[in-house]
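So that you can tell them apart, the chains are marked A, B and C in the order they are listed, and the count of residues begins at 1 in each.
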């Protein structure tokens, strides 16, 4: 086929491929490149899949020896009571770790979600234009502080600061008839509550960042319409911004919850590491799924101890996956987290 | 009488307006209080660490190892800083090419449900507890090859990978399609288009993402507890051996009762925050330049 | 001598006014009683313990001069790695620092707890381990070969407490400690503690038990003592099989990582009580108490009283796996004293490492024993030290002994 009119020179006729001499190579290289990036792309799925598989594999000996459900029906975590030929009762009950994880995360969420929503509202709608950027950057900065620094600060700065308040709470709330059990002293600084506070600070920036994007996406004319009709600023927020954002806030909270569930180091430093059983008061020591793994992993020498820790890790992974999947189903892209 | 009759609805409206304005003021005040609390806590943490760490931070801290006797003053976290640089460096060398590759797949090659699934689970991987990542690497690597800095790098690369993929993907999407089409029209293959046109255009943004991922990896402690294990006293340059990192050193020294050890930990915390902030701010600065360049 | 006093003067007065001798005697008696009452009243008002500190703890111990070290083996490696007990960590760091100049070898010891020390030597990821609880037969079976266990040094486990206004020297016995650490006694002004410390002004603070969260030889020593002396402890922990060991199911308390973490927690928590190796207590200026020994005396922990814990023991098992906790009937022995064992593979395969190991531990058992005083540890007695040197000689390289 002759070259198109007006074009001179030896251009290859039919295909948009470069010089005939190298015709074979680029196609192969191109195909290799394509395969390479495909492999890189699927790596994420492989990693998650492999995680689940290997945690199950490592946890299998303990699950087989003691029975799958005994881990949540047994009431104590007492590795010193494990003997190789004894399979009942299961000395590796994990209920208190699930309880600890849930309790500290819930305390963290109860504090962080209102604060984060408020901060996000201020950043998007209340603050003057010049302040919005720096304010937003500062709130994001909370996420940059490493976990170990939060734990360290928690021990030396936070605990002395909250001790008088908590002592007061234990003497007042702790004496109330039914619910007082959850607020009983004595308070020794390290506790579920302290860990919950530290978690609140750590998940606040994540929730705030997502809420910020959600609030930012409110159509501007709706806000202006509300203001034009005479709404006060709070009413405008309540009518035009928040209703649309409900599912977004839920998604943000779930993302924060996912982060709180997995937080290890800061929690280990302020929770007290009491692993035996559930302690009812939020001001008493405890442990979480991640803190017990961090503490006991490298010296788990009792029979089935390491395997039981893998069981804990497996359940932590499953719970985190569920929460994160739910969160990401609700919160779509567009947030740089 | 008429005036009163006329004035009453107005009065009620004014009272109601004042009440509504009052309520708005209170609520907005609460919102502002929320921001103040958030920023206040941040300031508290940073200032506290700065005060505690500044007194112990000196040149020795960055150039010496901890003293063998934990009750002795002085010394520093040199081995931790070196270890952090090596471990995070190797982790970046693994995660950055793979992450960019995955992003290229998602943007340039992927179509349909597979790429949507990959994108979804990439975001999910960001939220996986890092202690679980450490346990996973322990199960597949440490049980076979022992504790090592390299195992720590593997764990950190899993932490960094989804972050790099995500930001790279966003940056690649920002590259105008005309550039791609032009390149293909000129006879380049797809791979050449990506490597020679798209990536260089998106490079500043990619660097932003990498810096954010590095900042995150520098701060991680939990996965390293189970993989690199730590090496308190001696500098280890060989990643096939146990290594310490700055974060591990801080953790070990923060929970001791020795005041001298705690002082070193504060200095370490200040150093770590400084490094993380430099990377985070640097990334933001880069990112802003990218946005203004591409706007 | 009797003096007659005018009846008019003594009418209506007590009979002892009439007789001077009787008066003198009564005056003397009353005076003594008053003085005694004043004396004990002031003693009760002070916050000093009513007994004087154990006199044997004053002064320093003359460092031993052991010369029975092994001939140096040539071709040693330049570095050695070890891991294990936090109980011995301060001593090990002094040894490592001195040996770096004396022997030219850098010993890197990771203070991670006896449990981790055992598991790391089992996996052969370190040249030597260290544990304050000797390896059992089943532990050794999990290792890659037979293991030699050599006691290195002796030290007391102190009972540390954080009570504002209360100095060191508070008295405890095993039964009370067992109840405290199992949650039976929850307040510092409990009558059981007060009974041991008459005249002490104990605050009504709640007791914050601090224990180890990791696998610990120090825990093993301490729970050994509690198991021997406190039936309440044994019952609370479900029997003597599970009430002693490197890990136990602590019913109450805060967990700290290593002796280091426990010392941090007890120092930061008012009302805290913990068990710590002596150097940690002294170097962090924590207050610690006296413990009742087998002979019934309340003894302050120090180098001398820890040394007395093995005075009188003349025979040791051939593999040196001996329990010295609360064994001695010496009236000046501190009961909660323990040994720490170095864990070394008997059949070495690397010549350089084997040489370095033998040289280092030969030095530790001879010149190293003279350095213990600086960190308040107690050197081994001559009988035990000689047996330890004998154990060191059993190390072989590819089948043939290397030491002499």
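The rule is simple: a residue touches a chain if its C-beta (ideal position, glycine included) is under 8 Å from a C-beta of that chain, and two chains touch if they have at least 3 such contacts.
Please read all numbers here as calculations on a predicted model, not as lab measurements.
> So which has more C-beta pairs touching, A-C or A-B?
A-B
> From the C-alpha centres, identify the chain that is farthest from chain A.
Between chain A and every other chain, the largest centroid distance is to C.
> Provide the C-alpha centroid distance between chain A and chain C, rounded to the nearest whole angstrom.
About 44 Å, centre to centre.
> How big is the gap, in whole Å, between where the Cα atoms of chain A centre and where those of chain B centre?
Using C-alpha averages as centres, the distance is 14 Å.
> Chain C: which residues touch two or more other chains?
Touching at least two other chains: 256-257, 265.
> Among the residues of chain A, which are close enough to touch at least two other chains?
Where chain A meets two or more other chains at a single residue, that happens at 155, 298.
> Can you tell me which residues of chain B touch two or more of the remaining chains?
In chain B, the residues touching two or more other chains are 255.
> Under the definition above, what is the set of chain C residues touching chain A in their complex?
112-113, 115-116, 118-119, 139, 206, 208, 213-215, 238, 242, 245, 247-257, 265, 268-269, 271-272
> Please name which positions on chain C make contact with chain B in the complex.
The touching residues are 79, 89-90, 93-94, 96-97, 106, 108-111, 123, 125, 256-258, 260-267, 280, 283-284, 286.
> Can you tell me which positions in chain B touch chain C when the two form their complex?
Its residues touching chain C are 67-71, 146-147, 230-234, 255-259, 261-262.
> Which of the residues in chain A end up touching chain C in this complex?
76-81, 155, 159, 185-186, 188-190, 272-276, 285, 295-296, 298-299, 301-302
> In their complex, what parts of chain A are in touch with chain B?
Counting only chain A, the residues touching chain B are 16-18, 26-27, 29-30, 33-34, 36-45, 47-48, 50-51, 54-55, 57-58, 114-119, 121-123, 126-127, 135, 137-139, 141-142, 144-153, 155-157, 201, 204-205, 208, 232-235, 237, 255, 258-259, 261-265, 269, 290, 293-294, 297-298, 309-310, 313, 316-317, 320-321, 323-325, 327-328, 333, 336-337.
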